[in-house]
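The structure appears below as structure tokens.
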């Protein structure tokens, strides 16, 4: 069989971001794969040490365009616990609202990218057209479609007026009807099934070996969700259920992400209906006593981990962030062998990689 | 995740009494482990508390040596703190126990210059291959 | 005098000028419809013409390692074959040249561009080009057979290998479509596979191997290749209309040409609709549909045709 | 002379775009992809997103140029046939943006490529990207 190495190079129509994957192919079957990253490494951890705590929220938000709010939530929670600061109830609720809206738009973005990878451009267009509804909601709330600057250390900067609550609930209902189309697509569209069912299957012990997190882990039966296991912000007083599947293939991941979107819509509706009164933020001191703190947040792609250490000055001594895509990329390197070359695109897109997150 | 059982396991692994200190700031348990018994501690935890999730490995400068934190998840957050010093600072690699550590150790090696004995390929992960100069996180002045 | 008319026919009306204009128009219809069904606005009119002229005016890079002569000749050869094939296919109710057996010549000439498309990818040094070439070759074999079969069935049914006589045999509404529906479906899917349209656009799968065989081509060569693909679409549709849908039947007299145009556009709308509905197939699924579904169906229809004797 | 005008008309009507992210957070990339999807739909201006540098006229660069992707950006630019233009989309591409003084960032795209048009914004709104491309077409 013809041995060949196919570079899915830093510039490739499948990838929105630079990532280099070399596939060793014999005939139409992949026999080996090497993933190397680092094209988007901007040394954010080093830059965080040169800025004050408040300035870092703007920097941390620009690690990744899709889950910017998750990053600021994790960072602010780490710094708030470092300062021993309790944020007001209303701020916790608004944080959850933005987190869930971001989860919905991230999953829809992923559905579009997967559809384009398997050549289903129509679904790419529909998914991204409906995603605009969510971006409108976020823009109306915080003024920004992608970088919202909603979080500040000590609370949130965004307030929701009663009319906005009404409008948002109405938009969420309209969005929910649109989601019915995608649910039906995932369940019944044969041409979607043919390219995703049983492809790139990941077993539960592979998930454990590579500490995989988020929807890909839950799609293989690993029932971990930080919103329920280690509730933060206002998740402890909200009702939602964690979606798991046990197929482990690209289709089960699509199923998990779609159901999660529905849970997120339910969560948003709960937050809007039970939004408590109160102010939005408590004042945060400029200098922080020496100490260290850890924060874990369930970002759209999985567990986002932040570690902040202070040395008494107004700048953090060390900020360490671990994004959920890193283990996913490592696991990808070991799940690619054995695939057909034509399925590689579906598996890479199915893994919902965010390279800007992974490289920091 | 019951702290006493973990304390007993780690105590056996490090053959010295070990104490889990809950962090004052958040629900995370820190424990200091001598670098020699790091592997034993990991195997103990994996064997008795079915540890499988290594969130990440954080390195930070502490005086002349380094502190390396292994953040684990056993239903709750647990961090093993290991002090490491020496001319070329080095630690035993854990990636034969937890394969995900392969990339975390490469990244710590990139940014802090800490060598991990027994690591399959300690090539740069995030920095370009032809990176010249000291590990970036140690450089004093901003470049 | 006769030569002047011949030249006029070859160069202007049913010949080059008309073909290029019609191919560009059909390409615009295709892109506009796909965009509208996807909720988008779609390209403005004359967009394919603008693309073509821009590409012709662009720098023509021949990468090191690509034989310059071959890479220049292939698109020209592919286009001339498609043009010559269209000599025998009636446009409206007149055809440039018709003889017994011109259906076979047309089909043979139409199959060469797909081979040239494979060679175009094969001679470029880029991995995507070679891979695209391999896939194009595999798809070429899998979909030439159903298409040839689909086109041959009406010929067997109406006992003639000349397209014009086939058109006349369908005079007055008994089109071959009504008599041989399975043959029409086999020919149509064969045509979609041959033109490498979604769901069979595997050789130039944008998300897997970039532009496939044409990855390394730019400027004039790329323009010629894109025009060839458009011409193939037009000639393929013309062939289907003539052989299955009765072409421009004499009973509509002078309106015959408009009816023929309507049929071509309706078929184009059908092709665009299929493009919106499906995801791209994998190479093995494509081969499976080709050999396990289309060829047996075609043979079944052939046996039925021979049995009912026409 | 007429041929010249026709060619200019064709270039204005069918600018094919190639997108490359040389190191940014994917904010600007998503906004560029938004420009292709139904709400903004740049295909009505004849803009197509192409898969290979050989087919493209405009290189949309998002993100600062990091050390590792510097030679990659230059190679892609060289692969593109003339006439070609570079569009720097987003604050990072224009000047290195918020991560300008990082150890792994060279700076904006203009440190490496001749940039025809800068589109600021962090992230750039899709309308700004579409407006930028139209402004570039008017400059032809």
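Note that the chains take the letters A, B, C and D in the order they are written out, and that residue 1 is the start of every chain.
Criterion: contacts are C-beta pairs under 8 Å (C-beta built on N, C-alpha and C of every residue); 3 or more make two chains touch, one makes a residue touch a chain.
Since we're looking at a predicted model, the values are computed, not measured.
Chemist: Looking at every pair of chains, which has the largest contact count?
Modeler: A-D
Chemist: CA centre of chain A versus CA centre of chain D: separation in Å?
Modeler: 26
Chemist: Suppose each chain is reduced to the average of its Cα coordinates; what separation in Å results between chain A and chain B?
Modeler: Chain centres of chain A and chain B, defined by C-alpha means, are spaced 26 Å apart.
Chemist: Per the centroid of Cα atoms for each chain, what is the distance between chain B and chain C, given in Å?
Modeler: 63
Chemist: Between chain A and chain C, tell me the centre distance in angstrom, where each centre is the average of that chain's C-alpha atoms.
Modeler: Centre-to-centre distance between chain A and chain C: 45 Å.
Chemist: Multi-chain contacts in chain C: which residues touch at least two other chains?
Modeler: Residues 38-40, 206, 210 of chain C each touch two or more of the other chains.
Chemist: Out of chain A, which residues touch more than one other chain, so two or more?
Modeler: 13, 38, 41, 43, 46, 50, 125, 129
Chemist: For chain D, write out the residues touching at least two other chains, lowest number first.
Modeler: 37-38, 51, 68, 101, 103-104 - these are the residues of chain D that touch more than one other chain.
Chemist: Think of each chain as a node with edges to the chains it touches; is that a line, ring, star, complete or other?
Modeler: other
Chemist: Hey, which chains are touching each other here?
Modeler: A-B, A-C, A-D, B-D, C-D
Chemist: Within their complex, state which residues of chain A touch chain B.
Modeler: Listed in rising order, the residues of chain A that touch chain B are 36-38, 41, 43, 45-46, 50, 78, 81-82, 84, 208-211, 213, 224, 229-230, 291-296, 303, 305, 307, 309, 317-318, 320, 322, 326-327, 329-330, 359-360.
Chemist: Per the contact definition, I'd like the list of chain D residues that touch chain A in the complex.
Modeler: Going by the criterion above, the answer is residues 19-31, 33-34, 37-39, 49, 51, 53, 63-64, 66, 68-69, 72, 76, 97-99, 101-105, 122-123, 125.
Chemist: List the residues on chain C that touch chain A in their complex, please.
Modeler: Counting only chain C, the residues touching chain A are 37-40, 127, 131, 198-199, 201-202, 205-208, 210, 276-285.
Chemist: Which chain D residues qualify as touching chain B in the complex?
Modeler: Interface residues on chain D, with respect to chain B: 67-68, 101, 103-104.
Chemist: Which stretch or stretches of chain A touch chain D in the complex?
Modeler: 9-11, 13, 16-18, 38-44, 46-47, 50, 58-59, 62-66, 68, 109, 112, 124-125, 128-129, 132, 145-147, 354-356
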